[in-house]
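Once you scroll down, you'll see the structures, which are given as structure tokens.
Presented sequentially are two complexes of chain A, the first with chain B as partner and the second with chain C.
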Partner chain A sequence: MLTSRAGVALLAAFVASIVVAQVQAIPGQPSVVELLVKWTPLLAKGFLFNLLISFFAMLVGTLAGVLLGSARISPRPPVRGMSWIVVQFFRNAPWLVLLFFVMFLLPFEFHVGGTTIPFPDWIKATLGLALPIMANVAEILRGAVQSIPTAQWDAARSLAFSRRQTLWKIILPQCVKRMLPPWMNWYAILTMATTLASIVGVSEVMTLTLRITNAEGRTDLLIPIYSYVLLWFFVYCWPISLMTRRLEARYEVR
Partner chain B sequence: MDLEAFLRDHGIIATRHSHPPVMTVEESERLVPKLPGAKTKNLFLRDKKGARHFLVTVPHDLPVDLNALGSALDADRLGFASLERLAKHLGIMPGSVSLLALVNDAAAAVEFVIDRTLWDAPAVQAHPLVNDATMVIPHADLERFLAATGHAPRVLELVRLVDVHKSFGTVEVLCGISLDVGKGEAICIIGPSGSGKSTLLRCINGLVGIDRGEIHVGPHAVHRLHKDAEMVALRKDVSIVFQQYNLFPHRTALENVMMAPVDVLKQPKVEVEERAYSLLAKVRLTGKEKNYPGELSGGEQQRVAIARALAMRPQVMLFDEVTAALDPETRKEVLVTIRQLIDEGMTSILVTHEMAFAREIAQHVYFTDQGLIVEHGPPARLFGDPQKMRTRAFLEQVL
Partner chain C sequence: MRIGKGWLGLSAIAALALAAAGPAWTQTDTIASVKQKGKVVVGVKADYKPFGYTDPSGKIVGLEVDLADDVAKRLGVQIELVPVIAANRMEFLKQGRIDLMIATMAYKPDRAEVIGIPEPFYYAGAANVFAKKSSGLKAWADLKGKPVCAIQGAYYNRRTGEEFGANLVVFKGVTEAMAALEAGNCVGVVFDTTFFAGIMGDAKWADYAMVLPSIDPEPWGVGVRKDDPKFAAYMSGVIKDWHKTGYLLALEKKWGIPQSPYLVEQQAKFK
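Take a look at the complex of A and B:
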């Protein structure tokens, strides 16, 4: 959980690292602050790319997760069993392993007819990150559906609703509220995990940071620039975390 | 023995009246020969599907030309439309269905008229079939009269349970329940908690499958239905109201009422909306249509649940301890609503702990304990003069 205290500590570390860097600064070189300002536009671009990956991964993961979650509560045991295996696999595999798995499994381009459709790394990374999200959303959905009183099912059945109609028109709409806090929590986790994409060569913020430090060749820049990026993630994820906790508190008393 | 003596012996005070007599085939076949000096000629009434039979029994010396009667009633003398048509011909609508026995003095024939309101109608009094040679047994005495002649007061059985058994694991919840509910009748099932009353209701609309026995609801053989799709047809005819209302919390009162007719029955939305408004008005919730269940009191929610059940236009309503979760004040408004429905002729099966209410509205009361019907009878007898020790013990506890 991201707390405001962690935020303050992070900010303090960032400021302290700048102060230390300034004190140790060699005359004639541009200061650390100047460098940070200089590279901020590029870092921002990278950061936006991370957000883009997180949006798409969440979208794909949620859609697939709803389908997988529906399979988890199927009245048919084989469907339930198969989906259980899928969920367990993707929930318990390390994200980085999944990411590599997808990177090497999928081709870098598709040939459809005579045309070649490129399949860039960042899309593959997005799909790789969507897999654990899918499994976790499926579990959230299953939990939420099972938390709806069976009396709702009875009422729907006695009004001649079929199972499918009951699920989509009566049960799932009631689940949305209950699913929202854990879903948002997973979004925050996913956003932070998008930096994993740097390991498989996607030009997101971590990759760019590494390139900047390499280009500048300044060891005193390392700590300030990484804590700078860390601060950005915190500023983005902290409100989500805050809202999640608020929503959780609100639905808990019901 | 003459008729008047027979009635007097059974303490039934009949008045002279005249009426076109109507009774079911079975009733007349069983009853007519038993009565002293029964000499009648019969007219069969049958509806088009042949599903219902009625027998019009007229005294043999009644100056009626059957051919003329047949044509007057727009039918031939052996088969013409159902009772509804007869009632319509007589200028009344058979709304509240109940039994009324008429005994003809001249021929000593017993006749059952199926509509309680029928015989007060001016059109009936003026009808050529009506003469003053008919004895009328007041409605209140009907049960006694039927008991004296050895008959169950049944018009049409809409719900029939035969030897129903149900176990949950090793616990036998229903151990052979049989009961009948006539069309337009209200019956109450009373008994201690855990005697299988709620399970019984859930079996009738197929929420719970039974292990053994038969359940018939109109044309549906519930015990033979297994697939979801087959159940759907049954549940269009049977509605249930639950103790905990079970409204859909994410929909407004109006939407709760409209959902099933629109989504399941695929009825046009405009028409359903109009009906939903009038149903909510009927349960006195005008102005609360847009409220969510969470914003309504328990009694209001329960009345929305009743409106929601009625929106399906069911043949039978099941009420599962619908007032048990309510406080005394809101309880009353729900009971008033249910009584109104029953007065309008809705066939109803109620599981209830409201003894006074059961006594007032039910035609028949069943006392169940440990999955068996211990005793049943008209409310006056069951509450006033219970025969079994167990019944007496229970009633002493609750009354």
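Take a look at the complex of A and C:
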């Protein structure tokens, strides 16, 4: 859970790391603050890339998750069973394993007719991260549908609503509210998980941080630059977390 | 007999067809495809100063990038750089994601089975341990049971851990490993001599040195696809030329790397 107290602690750690680095600085070398300023544009570019990956992974994961979640509440046992297996698999497989799997399974370009369509790494990483999101969104949907009192289904049927009408017009509109907080929570988790893409060679913020520290070769830069990146993630994810908790409190089922 | 002849004829046709189709399927011609695309895609390191590293604008620069530029110039095409790491560089080459790899890769027989590594080699490194001069380490066996920092993907890590019995603490980047050394988390860092040679001049590391005899001297080779002897032969010629003309020695100077005896020796050989 991201709290403002954590943010203050993080900021304090960041400032402290800079102060320590400044004190230990060797005269004649550029200071750590100068280095951070110098590399900020590049880091920002990398961070935007992380956000891009998180947007698309969330989009794809949510669309696929809604379909999969609908299958989870299907009245047909084979559909329910199959989707259960899919959900269990993708919810319980480590994200990094899924990422590796997708990275090495998919080609780097497609040939359709005579044209070559490139399929860059970051899109593959996006798909890899969308998989666990899909499974979790499916579970959120199933949970939300099942949390609606079953009496409503019976009441709807007695009013001659079909199953589809009941689901679309009565049940799902109530579910959206309940799904929103956990969905946003997963988005925050996903955003933080985009740094996993650095392991499979996508040039996102963590990859760039490693390249920067190696380009500078300054051991005193390590802690400041990593806390700097951490702070960026916090600044982005904290409002989401805050809003999630507010929504949760408002929609709480009593 | 008639039937036999018929079969013979058929199989001859089949064999011819296969022979005709065969090369098209199994052989790649990188030079032709590069010229057709108008650009060569080269895999280089982006985290290994000064061979391939990132500048503040995000551009990759370094000695190996200069080499890649030279290859593009010789081929008369544009260049596209793809940053690679030890874990994916051979995979990228095999998949066709990159046409050529110049990424601090040491020649190893098992690597040469997967990709083509044309000779001669363009550089050579070895492994050593960077530690405090006062550490008292004299031989590799002295590392036994001691924590030694290492960098992911280096081929001598296994030997250091298994044969010499060091407790490896493995990091993703060399700066992290150096920071751990500074903080006293390990007695030394095992890495390429080429890297340590580059930082020896720093006042910060004045108390440190490569304390052991270097092991596993390995020449560095460029990588091409296995099934492309034409491009391999072309690259052989290019590398020979780099040695002969002293281009590599000049680049070494440009990037502030202490002169390596290997390059001097190779230049004498090809002159």
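Here, the second predicted complex is superposed on the first by the 252 of 254 C-alpha atoms of A that agree within 3 Å, B and C clash if a C-alpha of one lies under 4 Å from a C-alpha of the other, contacts with A are read in each partner's own complex, and residues count from 1 in each chain.
Convention: a residue touches a chain if its C-beta (ideal position, glycine included) is under 8 Å from a C-beta of that chain, and two chains touch if they have at least 3 such contacts.
All values reported here derive from a predicted model rather than from experimental measurement.
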{"item": "Fit or clash - chain C, chain B, common chain A", "value": "fit"}
{"item": "Contacts of A:157 with chain B and chain C, given as first, second, both or neither", "value": "first"}
{"item": "Superposition-derived angle with apex at the Cα centre of chain A and sides reaching chain B and chain C, degrees in steps of 10", "value": "150"}
{"item": "First (chain B), second (chain C), both or neither touched by A:105", "value": "neither"}
{"item": "Contacts of A:39 with chain B and chain C, given as first, second, both or neither", "value": "second"}
{"item": "Contacts of A:213 with chain B and chain C, given as first, second, both or neither", "value": "second"}
{"item": "First, second, both or neither for A:174, with chain B first and chain C second", "value": "first"}
{"item": "Partner touching more residues of chain A, whether chain B or chain C", "value": "C"}
{"item": "Chain B versus chain C - smallest C-alpha distance in the overlay, whole Å", "value": "51"}
{"item": "Residues of chain A that lie at the interface with chain B and also at the interface with chain C", "value": "none"}
{"item": "Residue ranges of chain B touching chain A (in the complex, touch as defined)", "value": "202, 205, 207, 228-229, 231-232, 235-236, 238-240, 242, 244, 246-250, 259-260, 263-265, 308-309, 312"}
{"item": "Complex contact set, residues of chain A against chain C", "value": "26, 38-39, 41-42, 45, 104, 107-108, 200-201, 203, 207-208, 210-219, 221-222"}
{"item": "Residues on chain C engaged by chain A in the complex (per definition of touch)", "value": "46-49, 53-58, 83-85, 87-88, 91-92, 95-97, 172-176, 178-179, 182, 199, 203-204"}
{"item": "Chain A - residues contacting chain B, complex", "value": "151-152, 154-163, 165, 169-170, 173-174"}
